[in-house]
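Both complexes shown next keep chain A, but they swap its partner, so chain B is in the first and chain C is in the second.
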Partner chain A sequence: MLTSGLLFYILAAAIVLFAIAVVMSSNPIYSALYLALTMVTLAFMFFMLNAPFIAGVQLIVYAGAVVVLFTMVMMLFDLKKEQEAFARGKFTGFIKIASAGWLCGLIAGAVYMSSEMIVSGSKAVSENTATTKNLAIELFTNYILAFEALGILLLLIAVGAVSISRIKGGTHA
Partner chain B sequence: MGSDAFEIAINLVKMIVIFLLMVQLVPLLVWIERRGSAFIQNRFGPNRVGPLGLTQLLADAVKFIFKEEFIPSRSRKFLFYAAPVMSLIPGALAFGSIPLSLPINVEAFEMFGQTWGPYRFAFQSFEIGVGIVFVLGISSLGAYGMLTAGWASVNKYSIFGALRASAQMISYELALGLSLVGIILIYGTFDFSVMISEQTGPLSFMWFGSEVVIPFLPNWGIFYQPLGALLLFITMFAETNRAPFDLPEAEAELVAGYHTEYGGLKMNMFYIGEYGHMMVASALMTTFYFGGYHLPFVDPDTVNTALMYNGYSATMASVLTALTFHLVFFAKLFLFLWIFIWVRWTLPRFRYDQLMDLGWKKLLPWALANTMVTAVVVFLMRSWS
Partner chain C sequence: MLNSFGHVSLEHYLVLSAILFTIGMLGVLLRKNVLVMLMGIELMLNAVNLSFVAFSHFTGNINGQIMVFFVMTVAAAEAGVGLALAVTIFKKFKEVNIKFFENLKG
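On to the complex of A and B.
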């Protein structure tokens, strides 16, 4: 019990530190690498919370594919102009302040709305998502609408990305 | 970890031993690769140092350690040092979660005036219930080692190698994951040990409500999923960046790809990472499609009781049985490792567009079709009975 508690705090501290480093590093490639570290530590956190399937999927999808793609694409570009553009300027300053406010609002809203529905950790995990089978049953019966909606959203994003890259006459669409 | 000091100690030792096992196999594989390639190309290969050139491995290790350390002056130093480690760790972690033999059962015994209760030690570094998902997730992290190596070197050849490597790994990961879905559907588990224990005995399956037994074939996954096995095998070559998919280090175009600037022990760590990935790939092939550590038609319990009958204690018999089946596992593992080497020195390298076409337009649709057909057949056969 003590060791798992200790591990939890170590992992939690690591996640927060890496997440801060994502925002603080001026070089976008370092940001992306810190993001990968955040994803990996988050996956190990899921392992600790008895959700091994979600942990594995987190590793495969986010750490293994999405962030690799981010990093790869950023390595392709010469990012000096973008770095300067993002470092100063009224418009980016406005975006920074706006996103900080947005984040504060999200956190406050989440805390405010979830204070009534706190479930004790062991119950939440063991009853629904402990085994992969239960997770699948929950996903494909109770939450099928949300699941399908997310699938359609992802499809829309893919189609949108292709159409945007075609507008400017790209050859690699 | 374990409930008392003895169990924790054994589990820690086990982790180190299995990691060292993986690392120590690498020089041997390098020797097999050099001798094998020489054999295929009608040369001699290393045959001067020691019997059959075997001590060449030691000489190579000494050379790797004592080579001058070289860092490009404009490189990103920290990432330059971190990249070899990043490419070594995923292979080692993935190999640690694959069961290499039967679990060892230790009976209760007396030591230091205290009774140490019965134990069960799995023959792997650590047990994870969703082993397959874990292995796929961890080995997909291998792309970072190559990416950072290429980028940190600040060398155009390196970065091209890194970009090719990561694009290739991401593209083939989809086909890899989908080719495994069929076998997961059939056995209905993510656990390696359960999957291996399902593959014992003669080939038997349900066919429209009646049980079919073919006594002269083992109950291996390859007889249920031949297409899945073939797809997994092809994608594994791409995932390990071995020929014919070794475009990330295509020496005719890119000098040495992402590890152009590396030398000495850092270079060696990339080697260990690559061979580690090969071992994981071969172990996965063995576990999914060739019965894991089981010898066809030999029941482990028979071996165990035979050993007990010959005067060994229960603990000793369990250890010896596990070691026997460990050897069986390694025989199968080495067969696949040899095929890896064989293919490398037989087939020419793909062109990059051919590689992408093969991954996205051939392997992925075939893997999808395999998944669909398997799902329909499994559903039909289960609802019949």
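On to the complex of A and C.
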């Protein structure tokens, strides 16, 4: 049990560090690579949470597809050294950081205050419910309509992305 | 042996998810590059996924993992459209900056 706690803290520290590096690096290609590292570490965390199929999908979809899409688009661009990577204005920047910290504190405080209410000690974590077979049964019986709707959404997105990237300016090209 | 260090509860995962969401939000708020803003959105969606999976694990309910599928699909679709917009904006202005989005019409 102690090793799982230690593993959690190591993974959490890695996730937070990589996420901060995504936001802070001024070269966008470094941001994309740190994003890939964040996704891989999150996949490890999903694996720790008894969700191996979600972990695999996370690796394939995010680290394999989305980040590669980002890097390929970046190769398409001619990226020079960014002049103004961050938004200007010291005061507004301070307000943004302060409000984000305030939001994080509010969420953490709410979690801490309601720690007796949420899942009050239901340590009956059933190991067998979260298998891939049960996931598939649930997805293809109760959520079949949402699944089909996602297919239609992906088709729309494919057509829309192609038509957006062919805009030449002026009226409808 | 089961002290507070070795025992990882649901609250740990929720607080980590909140921190990750905040970092993604800061990425959207502070940066001017469209690509990095999209990466911030991806970070926020991943924070939500983490809390879904944590709830699903600690309550023994599988519906949270189903919802993670939907979030992932929508995130991939959103990245596709966002990158198409970035390509359009780069073709017109030779730079991916959020301040050029107001000139993007027609």
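In this text, the second predicted complex is superposed on the first by the 119 of 173 C-alpha atoms of A that agree within 3 Å, B and C clash if a C-alpha of one lies under 4 Å from a C-alpha of the other, contacts with A are read in each partner's own complex, and residues count from 1 in each chain.
Just so it is clear, a residue touches a chain if its C-beta (ideal position, glycine included) is under 8 Å from a C-beta of that chain, and two chains touch if they have at least 3 such contacts.
The shown structure was predicted, so the numbers you read here are calculated from the model rather than taken from an experiment.
Colleague: Touching A:111, do we find chain B (first), chain C (second), both, or neither?
Modeller: second
Colleague: Who does A:144 touch here: chain B (first), chain C (second), both, or neither?
Modeller: Neither partner.
Colleague: Is A:65 touching the first partner chain B, the second partner chain C, both, or neither of them?
Modeller: both
Colleague: Would you check which partner chain A:19 touches, where first means chain B only, second means chain C only, and both and neither mean what they say?
Modeller: Touch status of A:19: second partner only.
Colleague: Which of the two partners, first being chain B and second being chain C, lies in contact with A:98: first, second, both, or neither?
Modeller: neither
Colleague: In the overlaid three-chain picture, which partner chain does A:52 touch, first (chain B) or second (chain C), both, or neither?
Modeller: The first partner, chain B, only.
Colleague: Could you tell me if A:154 is touching chain B, chain C, both of them or neither one (first, second, both, neither)?
Modeller: Second partner only.
Colleague: After superposition on the shared chain, which partner residues are touched by A:75: those of chain B (first), chain C (second), both, or neither?
Modeller: First partner only, chain B.
Colleague: Just checking: does A:164 make contact with chain B only, chain C only, both, or neither of them? Give me first, second, both or neither.
Modeller: In the superposition, A:164 touches chain C alone.
Colleague: State whether chain B or chain C is in contact with more residues of chain A in the superposed arrangement.
Modeller: For chain A, the partner with the higher number of touched residues is C.
Colleague: Taking the stated contact definition, name every residue in chain A that is touched by chain B in one complex and by chain C in the other, in rising order.
Modeller: On chain A, the overlap between the chain B and chain C contacts is residues 53, 57-58, 65, 69, 76.
Colleague: Could you please specify the touching residues of chain A with respect to chain C in the complex?
Modeller: Within the complex, chain A touches chain C at residues 1-2, 4-6, 8, 12, 15-16, 19-20, 22-23, 28, 31-32, 35, 38-39, 42, 45-46, 49-51, 53-54, 57-58, 61-62, 65-66, 69-70, 73-74, 76-78, 82, 84-87, 93, 96-97, 100-101, 103-104, 107-108, 111-112, 115, 118-119, 122, 124-126, 129-130, 134-135, 138-139, 143, 146, 150, 153-154, 157-158, 160-162, 164-165, 167, 169-172.
Colleague: If we count contacts the way the header does, which residues on chain A are in touch with chain B in the complex?
Modeller: Chain A residues touching chain B: 3, 29, 33, 36, 40, 43, 52-53, 55-60, 63-65, 68-69, 71-72, 75-76, 132.
Colleague: Inside the complex, what are the residues of chain C that reach chain A?
Modeller: 1-2, 5-16, 18-27, 29-33, 35-36, 38-40, 42-43, 46, 49-50, 53-63, 65-66, 68-70, 72-77, 79-81, 83-88, 90, 92, 94, 96-97, 106
Colleague: Which stretch or stretches of chain B touch chain A in the complex?
Modeller: Going through chain B, the ones touching chain A are 1, 79, 128-130, 133-134, 136-138, 140-141, 143-144, 147-148, 150-151, 159, 162-163, 166-167, 169-170, 173, 177, 190.
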